[in-house]
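Here come two complexes built around subunit A, the first alongside subunit B, the second alongside subunit C.
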Partner chain A sequence: MSSSTSTATGLGDDQATVTDVERGALSWRVVVAIVAATALVVVLPIGTSHFTGIMWLWALALVGVVGLNLLVAPDSWTGIFVKWMTLAGCLAFLVVFPIGRSDSTLLDLGLFAVFGIVCIGTNLVHGFAGKVSLAQAGFLGIGAYVSVLFDDGREIAIGGMSTTLPNVPFLLAIAIAGLTSMVFSVLIGFPALRVQGPWLAFVTLAFNLLVFLVLNNEEGLTEGSRGIRIPRSDVTVFGIDLFSSRNYFYFCLVFLVAATAVVWWIVRSPWGRAFKALRDNPARAASLGVDIRTYTLLAFSIGAGLAGVAGALYARLIEFVDPRGFYIGQSFDFFLATVVGGLGTLLGPFIGVSFITVLTDRLRIAGDYYRVWFGLFVVVMMLVAPKGVAGSFNQLRARMQKRLQKRHREAGTEKTS
Partner chain B sequence: MNTIDSVDDASNVAVGEEVVVSVRNITKSFGGIRAVDNVSFDLHKGEILGVIGPNGCGKTTLFNCILGQYRPDGGRVELHGRDVSRWRPHRRAKAGLARTFQLLQVFESMSVRDNLKTAAQEHIGSMGRRLFQRPDMGLNDKVDRLIERFRLAHLADERAGNLSYGQQKLLDTAMAFVSGPAAVFLDEPAGGVNPAMLGDLKERILDLNQNDGMTFAVVEHNMEFIFGLADRVVVLEQGRLLMTGTPDEVREDPRVLEVYLGG
Partner chain C sequence: MPWGLCVVAMSTFVQISFSGLATGAIFALAAVGFALLWQTAGAINFAHGEFIALPAVIMLILGEHRPTLGMPDWVPLIGGTELAGPLPEIGIVAAFVVTIPIAILLLGFVFKVSLVDRLLTPGGDDIPLVIATIGLGLVIREYLRLEFGATPQQFPSVFGTEVWRPGRIAISADDVGILVVSIAVILALQLYLRRTYTGWQMEAAAQSPNTARVLGIPVGRMILYTFGINALLVTVAALLVSPTTNARWDGGISLGLFAFTAAIIGGFNQVRGALFGGFLVGLLQNWSGYYLSSAYRDAIPLLLMILVILWRPQGLFGIAEERTI
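Coming up: the complex of A and B.
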């Protein structure tokens, strides 16, 4: 590495020491994070019916895969191979695991897929474009109710007028649900553009509350707090019967994979750089020609559109919609899941969402206290790993790579001398 | 030498000199305070124009009005004769008005290369097309040349946030050039940069000015730095234009001495 005289300033040296301190602090943080996560996944369910011998195998496989990804250089051909094999492995797991599972497990897996789509959207808005949105549950609700209303040929009454909505195929209903959420997100987006940070959070939270109140009180439209039963028994797509829980999970999985692919494409395209510029420094981005208004609305509406699609899937997954499922608390869950998983990483939403779905189920053995455990877990995670699980993993890997390279170089110089 | 009275007539524009940016009667008030009061000047192609004045005289406010961060209460900004006064900042940037800010402004989480690509990408193609273009948008060569020129090659893949202050300042400046702008407005480029790097920065600016014919307007507190750099200097005092002239003229003008020493 060449260093010109101009760069060898005092500032550079100071910085090196700072990084060293951070490195020291990071290692114990990562240890605490790993212990906390392990405690939650493995130790708590021990001695209950939830814990089986096969779980040790899963845990072992997980440790092996994570370790392998940690050790290979991410930019090398081996690293790329390992990364793609890991992704393929995860996908294969999601395809094979549901075989022969009970309906309740399949429901949990379905929730994982559906909420995963929401969190991928949240991650795009918050993790990449840097805008806090606490309205994701609202958009989920809009999507869910729209898909329900457009499905049964329902008669709706609003403001004294009543009409019968057409009965549309399920796939079209999903598309309409996503688009409706997008339209609402642009409507809320324009005023939201004027505010930043916590104020934006308040605006979106207020919008979520508004959606809840409409769902709860406009009985002519939504049946209010009674909710609407929406059985899956009549749903077929391309001749495939989605009544079977496993088929429906696979159906949701296709959307999850598609959502991941779309967001992956966006963040690696020039749009992704514009979003990150928006997150790091909006004023500077504007001064370089980035149209911050359009990009903000884009991020917002893509995130909301994904939540809307997820809403349509969610309604059919639990076969029932009711306003309480779209209350602001649910938005906080999505928010926490995305933050704990790792903002601005592609893997983060998956990790986060497994905490709020699979782990919530695991923690049911803690009875009424499971929210307490989850809350405690979030607090610990935020203290020890502010960048979330995936973010901390990336930090750890970068550090290990640096160390390995150094060792490699030292070995090289010994040989030559 | 031009005084405040003669700025508005065209006599100060040398024949054949093309005006890139024309600032006409810009006025901006905050509450009861007139931060910029009826300021007019022309920025000619290929020149380096210094903007100086004591603290709080409205230099940065003037820049913010020219580049769209503030909407002026009155006056006009023209780029190549086109009125851009009502455009939003990103549109002015795309039209060719680039700038840096007084405080350091790089995208900390991105690599040096990505910082420069971000600075360049919005000037190419439409937004819809950009989604389907290759991530590097064919900018690699251009960006690498600029990195080389700003002596940041060994840091090209480093996170911008990990760079030293001086290096970030260089990157910040480089980002203003990558799109090939018509004029670059630098807001205190020398602020907080240590003397060793100051020469480097000056060299880069002069290099771009002399070899690429780049046009500059530079707000600066460091008199030594600006007098060694500028072809022409504009002096502001309490929001008003005090005088314009060559560095030598400004240095010797009694009014300028009074503002800096008497005030």
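Coming up: the complex of A and C.
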């Protein structure tokens, strides 16, 4: 939905689609796309408690925004205006929507924000740096437990010694959580990033399971499978009380926006160009002097650091930590969500994380079978649209822009002749 | 150390090693199938564990009628008649025989044609298939949980529950049966690959697809056979492992992980490597579970796998290959 996302998908694919442009098929495809999108948005919530009159308005607004972004040329001034207005609109929605909502809705939104940060990290590692990491839940867990250890007066015992860590401000605890995850990611990533593709997936998966085993068994440190209750009642930041669910959601939202900004900045910086070069052609990048190992390690550790920060936020969000929340199944979820959203796009993680958080309860039409459908959706998506929702949107838009330009040119030549 | 204590320690060691070998034999079965797919088709299946969990549940449904394990609602709809009703309770062995063709069809043929063939382009990226099989694993796991409940289902052992006690050690009939059957299956597979004409063709197709094609070997069909063999192996593994682990919806995750672990430790490009890897993982699990800490019995094989991937990517028993990593 932004020009930055289209640059991030890689130019090669957009050029590939140019060749198979069919003539004059623009109008009916637009109609089909808009009708399908409307049908999807309108039909899916039927039978849920959320199907109220206002839903229609939201649906129309969503279809309108998507359609508008599809039609304008992303690099024109109109396109840039529409893009920023869309982003501002989405942000405004996230700010306004929580007002007057119930605690359970706010918890859902909070999970959206927190897991969104994790998926942004996954996307940086996989989508931009091209490395499969299945340890994100492990880093989430490390962050969560580290932040819990700094809770007021918590006694920790390792190997017969027991000690109490100082009570630190919440923001500092978050920073420490993120840094600890980064340290662990460097320890595992420094040797592991030599291997590629599925092998890296296995190493990270094994690491995640090891983290789970430690969390589950080091009772002095983590209370084991009983878990730790960690109420939010005493948490204040800059004098603002984070006890209310809405305040805490806004707090998480700030981190979500910051994480997006960080990744946006990385992707545009020389680092980001190095990442793209690495992902698209590692051998060529290496021959051009890109230090592969350092850059991938950077991406990997930033991704893990984001997961660690998210972990600290997550612990206080659900006010409880327990090792099962950081099992490898959760890593699979983050991974699949990021893929479904669209790897290598800035918008992808937001779309993807919706599938594992807010949508799980909204799409009641799927009922208990929601996760089965989600899995099937992933499989089918890999078969028909492997670039994910955002990636496919970019492809569709590129195709349509080509066609619009062509029509424009043809109209021009007719006039002159 | 007094002689008596020494005997006790030895017999404990023998007993632990023996049950470790039995567990390892199952890992070996799973790992061999996993390695075969990689060797011949270049396919990495992240749903491998679920491929073991699924036949276990099918066998229970067909073999024993339990109130919680009825046929899924959609099954009777296929023929328009009540399919589940007249089915007799056939027992687990007969159910195993019936499950084999089902598994070969679903986990072999359908899996290959609908996913692997479409996602694995020659010389292409193998990550799309990894993603799709992770998704497939999620589908199977969640479906089993919803359809047949979250409680682990007891699974009868084919070999009975007898326990022999020669001297100080106790040997269960189940462990002996597991060892004998899995070694027999793997030996038969090895003989088939080495001694039959089709076996040679399969080896050739795995080692050098292009040359094999030039020599007139139907490479596509050979790959399909591999998928069939893999389906057969996972069904046998399901039959053998379920009495100890019970048939569980989420049993696949750890089982699959240890199958990968065994295949990677032993060496991906060798049936022999996967076999030894399986035994090694089983032994390590049991030894570390008893002598170090039962909580971390799974950790040692995982650590070993990480070390192997990092420092000897071809596996302990594998032969270095240019393309491996």
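By our rule, the second predicted complex is superposed on the first by the 367 of 417 C-alpha atoms of A that agree within 3 Å, B and C clash if a C-alpha of one lies under 4 Å from a C-alpha of the other, contacts with A are read in each partner's own complex, and residues count from 1 in each chain.
Throughout what follows, a contact is a pair of C-beta atoms (placed from the backbone, for glycine too) under 8 Å apart; a residue touches a chain by one contact, two chains touch by 3 or more.
Worth saying up front: this structure is predicted, and the values here are computed from it rather than measured.
When the two complexes are overlaid on their common chain A, residue A:337 makes contact with neither subunit B nor subunit C. Of the two partner chains placed by superposition, only subunit B is touched by A:284; subunit C is not. Looking at the shared chain after the overlay, A:274 reaches subunit B, while subunit C stays out of its contact range. In the superposition on chain A, A:304 makes contact with neither subunit B nor subunit C.
Of the two partner chains, neither subunit B nor subunit C is touched by A:177.
Once the two complexes are overlaid on the shared chain, A:382 sits against subunit C while remaining clear of subunit B.
Of the two partner chains, neither subunit B nor subunit C is touched by A:135. Overlap of the subunit B and subunit C interfaces on subunit A: none, as no residue is touched by both.
Those residues of subunit C that touch subunit A in the shared complex are 44, 46, 115, 118-119, 125-132, 134-139, 142-143, 146, 250, 253, 257, 260-261, 264, 293, 295-296, 298-299, 302-303, 305-306, 309-310, 313, 325.
By the touch criterion given at the top, residues 67, 69, 88-91, 93-94, 98-99, 101, 105-110, 114, 117-119, 121-123, 127, 130-133, 135, 137, 151, 153-155, 162, 164-167, 175, 179, 194, 196-197, 200 of subunit B touch subunit A in their complex. Contacts from subunit A toward subunit C in the complex involve residues 132, 191-192, 194-199, 201-203, 205-207, 209-210, 213, 216-217, 328-329, 332, 335-336, 339, 368-369, 371-372, 374-379, 382-383, 386. Listing the residues of subunit A that touch subunit B in their complex gives 1-7, 9-12, 15, 19, 265-266, 268-274, 276-277, 279-281, 283-294, 344.
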